[in-house]
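Below: a set of structures, written as structure tokens.
Here come two complexes built around chain A, the first alongside chain B, the second alongside chain C.
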Partner chain A sequence: MKKQWLFLMMVSVVLLNGCMPSRSVEENAIVQIVGYDVGEEERIQGTVSIPQYGKSEDKQAASELYLTVEADSTKDVEVEIQKQSSRPISIGKLAVTLYSKELAENDLADFIDVLSRDPRLSRNMFLGVVEGSSKDLIEGGYTQDETTSKHLQGLIENNTLYNFPSTSLHDFLYAYYAQGMDSFLPLLKKHETFVELSGVGFFKRGVLVAEIPDSAIFTFKMLKENFIKGMQEIPFEGGVIMMENIGSNVDYSLSGPTDNPQFDIKVKLKAEVNEMSGIKRDASPELAKEMEEKFAEFFNKEGKELISLFKEKGVDPLGLGNFAKTRRGDFDLTQWRDNYSELEVNVKVDVEITEYGIFS
Partner chain B sequence: MWKWKRKDKQQPEKQQQTKKQSGSLSEFIQAMKQSEDFVHYELSGSTRCTISYLKTMCDSKILNRSVLTTLNEESLHTLHDMQERIPVENVRVTSKLDLIEEKVMFGYIMIQRHETDEEVVLVPAISLESREVSIPEVEFSVVGPKEAFVETLNTNINLIRKRLPLPQLTIKELNVGKITKTRVSVIYIDGVVNQDNVDTVTQRLKGIEVDQLIDSSFVTQIIADNSNSPFPQLLDTERPDRVVSNLVEGKVAIIVDGSPHALTCPTTVVEFFGASDDYFLPWHLATAFRLIRLFAVIFSVLSTPLYVAVLTYHHEMIPAALMATIVSSRSDIPFPPILEVIVLELTIELLREAGARLPTKIGQTIGIVGGIVIGTAAVDAGLTSNVLLIIVALSALASFTTPVYQIGNTIRLIRFPFIIGAQLWGLIGISMCMVFFIGHLIKLQSIGRPFFEPLYPLRIKDLKDAFIRLPFNKQTERPVLMRTEDPQRMNPSRVNAKRDIDE
Partner chain C sequence: MNKLNNSQGLKIPENYLVTPAYVFFLIHSMQVGVGILGFEKYLVEKAGFDAWVAVLIAGGILHVILWMIYRLLQNGGGDIVEIHKRIFGKYVGGFLSLLFCAYFTLLAFTVLITFIEVIKVWVFPGLHVWVFTFVLLLLVYYLVSGGFRVITGVCLISVIIGLPILLLKYFPVEAGHTMNIYPVISHSVPDILAATKNSILSFIGLEFLLIYYPFIKDPQKSKKWAHYGVFYTTMIYLISVLVTFVYYSEEQLKQVVWGTISAWKIVEFPFIERFEFVGIAMWLYVILPNICLGLWGATRIPKRVFKVKQKYMVILFCIALYFPAVLIDGRPMIDSVNNWSGQLGLYVLLYIPLLLILKTITDKVRKRT
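For the complex of A and B:
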């Protein structure tokens, strides 16, 4: 009897195969970018772009279908979009999610909750805050042979190799849920024909509270993590020097009692000097020495300004509280928050110029 | 519903009737006279006697030059005189009827004093038609020995013995098959082999109940520990050098008369992926090729199921750069991925079957027609996508890399359950199939020894010749699997000793 049951089961498994509802990739609307704006009457406006792949011949053609709906919640956006789409929506390949600045200044907590729960979403997804309307940014159509999502994805990914600190849904959620750490997101701005990474926005929980322009991003990244690329423009004796980073190491150290701690942030920066404009002197080892001092001074000043901005706004994107928590057993989060604005943080940057090109 | 099965059981078990033996020698001769090629006549020269033989089985040179000349020139009056005078080796006098019958059927010449005598002289005059020893065609290797077994048992044993000239090489022979009475030899090296293995093999061979044994693959199927498994549990090879190296490792070989393939056991699954080439190349190159082969097999089994699973359920897994290529090549296809895959896989299987059945010259044409014409036409007609065509062609190619033909057939077929699993539950279905197959492999045995051996049970010592092949000076011990009586191949300290000039 057992064998007959086994046989029947095998046959039914094979035959029931045909009854499975299945949708192949090309029969799905693959959403790769979503943008949220503030809609009318407390609702939210969601915009998605669905790439339309051409028939076999012209594979690279990047036409896109833009759909915009008004809805009450994130999941409702999916439902509303489904009503406008001829094919089922698949959000597994979502690569970029954008929020308008207006929405971010309000509160993103609900959105973040959905993002962190949905198992279909990739943790490598990029989040961004748009200065202006995210609908306009998505519908911009920037290049001939790339979809908007691929363009924005490449834009953010490429910049994280250089001046921009590493960012993704994973990093964002880590900072969001960690104790004594706050998250940050890239700010995007749409110009006439292009999109620009215009700065960094800092969040306190889900609310955008502060931002820095792109000129200060390098200093922020330097304080945040180790990296080996990136360039910074530094004023020097009336002219401007382009400094190229070839290896920056940051080290936090904590001293003093837990209720009144003191932080030392030490940065060791190795750099090359590639371009000097408006400077009348010849390149020489002596000049390099002067530059090193000048650069260190510049970064110390910039770093202090950043720290004081963070203290003023009460955000901690560097994760100093988190650092203290891992070092001190009697760390108390509420006490830390109360004392944060008076926290003593010393920034010390040490610049070493290893090369200044070929000169005779 | 299952009536046909019950009826089968209700049938009374009839006593198996043994072949009716002819009662006396004259009855045997009468029975033989029915055949045209049986010669039976009275010789009236110097020696008066009756001579009978099968002319199709006898060597006429021995008959004419040795037997008839002697009988005609000399006057011999007793059978013992004949035994002494006939200048042929191993002439015997006997009156045992079953022995006489057996020998005459094999081509012995029977001489009687009178037609009614029960005692006879048997003169061996066997003439065997056999193929020349040729180069191996299934397990071809570029370097190394190029001899392959043929259909004659004696030639095959000769090929082995000349490579192993030692008295411990033992050959046990038995007859299997109720009608064919096929000669089957069990070969092993006494003192190296574990006697348990030999006993298991002999016991199973003796227990075979079959009327005809045409090829050694019959033996593989009948004495396998699990006859329902798709995996062959005895390694078959046509290379004498491979058999010899297996014997030296402590394995047991089985050779069947009439089959150009020898079987060796116990074997493990990794042995099926090892080619004899592996031992003819430097160890690191051999290791690399062995790993490539293993990867090819995994690719061959899993690539099309993964295609089905990813395209049907896991769109997230398609890299963004490939998205456009895959989607646009799929967009014209009216079938779901599963149907597309099955159609293309069956096409490849058709091509293979057609190619294997046809003579070589037409077979090549089939390959070209199938590969190029059908392939491009199917893509142009929008029946399959370009991407899948590449995947299927590659996986077919990869399945040809297995050095042993038997396991190649297994690889060919086990991808279909995976494809069905992939369609049902995506990657989970593939994992379930994988769990099933690995569970099956773990349970399998080859004459009582674990089939999945160096991996389960994990025996680190045997891994030195499994996925990687270490150099010969590291292989100083025989595999643990065989539990040999003499585990040491050679003296490791002497192998690794440095021999400098100034010593």
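For the complex of A and C:
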């Protein structure tokens, strides 16, 4: 008797699972990208794109539904969008969040608080600042077979393998909350038919205060982290050389007293040269030597310029303060901030050209 | 023959005993519970990124306390109830034992409500707490009424199920900043000791040995396993702390409520976007022995003191846990319950050396007379 009851229990536990109300993917409005702009009367304008998964077999084009609403807060955007949607909104797969430059220059603090609080959001999500309107960028419709969110996600992810420093929601929040470190985000720009990663924007707390063009991204990444890919165009004797990075290593070191420290940033860069245009010389070991020196000089200059920009704007995206804090027990944040503009930072780049391609 | 020198005391039939090696799982699974999901925050508040030292110190202190517990039990004639009775007499001793009963119940209660809170915040905001708690307590009742050996089995399973979750630590480390744990100690000794105190709060659980000691076969041999258990726990806590230190910046970690769960969020597989769901679901198995052993310990004391049947006590305690668990709501309340049980746990740990001293004195006095 007891065994039969047990059996009945087991069977019902398994079978009753089927009674859970379920909802298939097509019945949800899965928001994968959201963009914010400045709206009218101090409100914000939110734009989302919702992929439409049709029931037909027609898979030719990825169709999307664009919704734009005016709201008072981030959560309010969700509410307003829900009013326009025929299906329940689900934001668990949100992959890209964009802010217009106007909004970023104002202050993103409120948005950031929501981002760090909401458990539904992936920490690998990308954030970006749009030059112009994020609504236009989302509604661009760039490729036939990808949704805009997949396209932008791929764009940023792919670029972080090359010239762009690694970025994600977690990286942003890490730097945002850290002492002696400031965050940065990619700048995106919409052209007629494509989107371009046009530079890096630097934040002081939640406010966008400085930016660099895409030509300086390589140098910034080189100073920030180790990486094994990426390319940089370097002027050389009237022509240009494409330098291909095959392994860059950065090392910070701190010396001097805590109230007047000195930073040394040493970069070891291994490179490959495949293309020289406008240079009338044959490849030779001497030329390589000259190139190495020239490259190092170029990067030293670029690096110095970057650091003087950071000092001028009072931002620290490299996290030098954070580094000093881990090395010095008596680190004092206010003192550090006061001294930051006069901080001595030496950049020393060492370039080694190891490869010239398969044709001599 | 002097009757008081008889260290036989309580005798449990052979078929209810567990082998010494299982003490490892009993100790370890009771120590690891809901605390590990968010204890980093409380350490960082006190001692910043130097708090890993505090974890090591706390681990060391626990080894000492474990040694004391074994000294206490060696010729104590069984469990804490027996020891209390011998030192303080029937009434005062019984009362003190009942305090332990209340403490064990509070521990089980804390784990229960904190885990429900985790589910509510992370997985199902609209969870029907009364249904979930009912089902969970039904399961707990089933396991506890199965007796001590069943609970030992649950502990074993929980340790094994908890193992793969450790592998997930790889992802946050990969995304992290290892320079954060550069060993420069910049905090004063009082700060580190405050962090040590906070980490001991999440280490509590080994005092259950006081009640299940008679169930161990060959208790002397279990000593080393108990120490291995504490050591293993310390290592796991140390790893957790280091991983969160690498993953978060200091100011960020102070604002993260559940450091470990938030760190699971970085884990992403193509087939599952929110990996913390899996982690939290698996964590149910990790907290299950906490509630079971807590309830078992709590109900065993009245059985020993009043000689009532444990089964009825378990039903009574389940009902007693059910209503407050359903009614309690909100982070501040749950936080304060956590604080109380942590504080109480600290007092219990402090009480053990005191008890050992008292016992040594009474033993000496009795020998003389």
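Basically, the second predicted complex is superposed on the first by the 332 of 360 C-alpha atoms of A that agree within 3 Å, B and C clash if a C-alpha of one lies under 4 Å from a C-alpha of the other, contacts with A are read in each partner's own complex, and residues count from 1 in each chain.
Simple rule for what comes next: a contact is a pair of C-beta atoms (placed from the backbone, for glycine too) under 8 Å apart; a residue touches a chain by one contact, two chains touch by 3 or more.
For clarity, every value in this text was computed on a predicted model and none was experimentally measured.
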First, second, both or neither for A:Asn300, with chain B first and chain C second: neither
First (chain B), second (chain C), both or neither touched by A:Ile30: first
Which of chain B and chain C A:Ser22 touches, first, second, both or neither: first
Partner chain in contact with A:Asn249 - chain B first, chain C second, else both or neither: neither
Which superposed partner A:Tyr174 touches (first chain B, second chain C, both, neither): second
Touching partner for A:Ser122 - first (chain B), second (chain C), both, neither: both
Chain B versus chain C as contact partner of A:Asp330, first or second or both or neither: second
Chain B versus chain C as contact partner of A:Lys150, first or second or both or neither: first
Partner chain in contact with A:Lys93 - chain B first, chain C second, else both or neither: both
Footprint overlap on chain A, comparing chain B with chain C: 92-93, 120, 122
Residue ranges of chain A in contact with chain B within the complex: 4, 13-14, 16-17, 20, 22-26, 28, 30, 32, 51, 53-56, 59-60, 90, 92-93, 95, 120, 122, 150, 153
Touching residues (chain side chain C, partner chain A) in the complex: 49, 121-122, 175, 177, 179-180, 182, 184-186, 248-252, 255, 262, 265-266, 268, 273-274, 276
Chain A contact footprint on chain B (complex, rising order): 2, 311-316, 318, 320, 323-332, 336-338, 420, 423-424
Parts of chain A lying in touch with chain C, wherever the complex brings them together: 92-93, 116, 119-120, 122-124, 168, 170-171, 173-179, 181, 322-323, 326-331
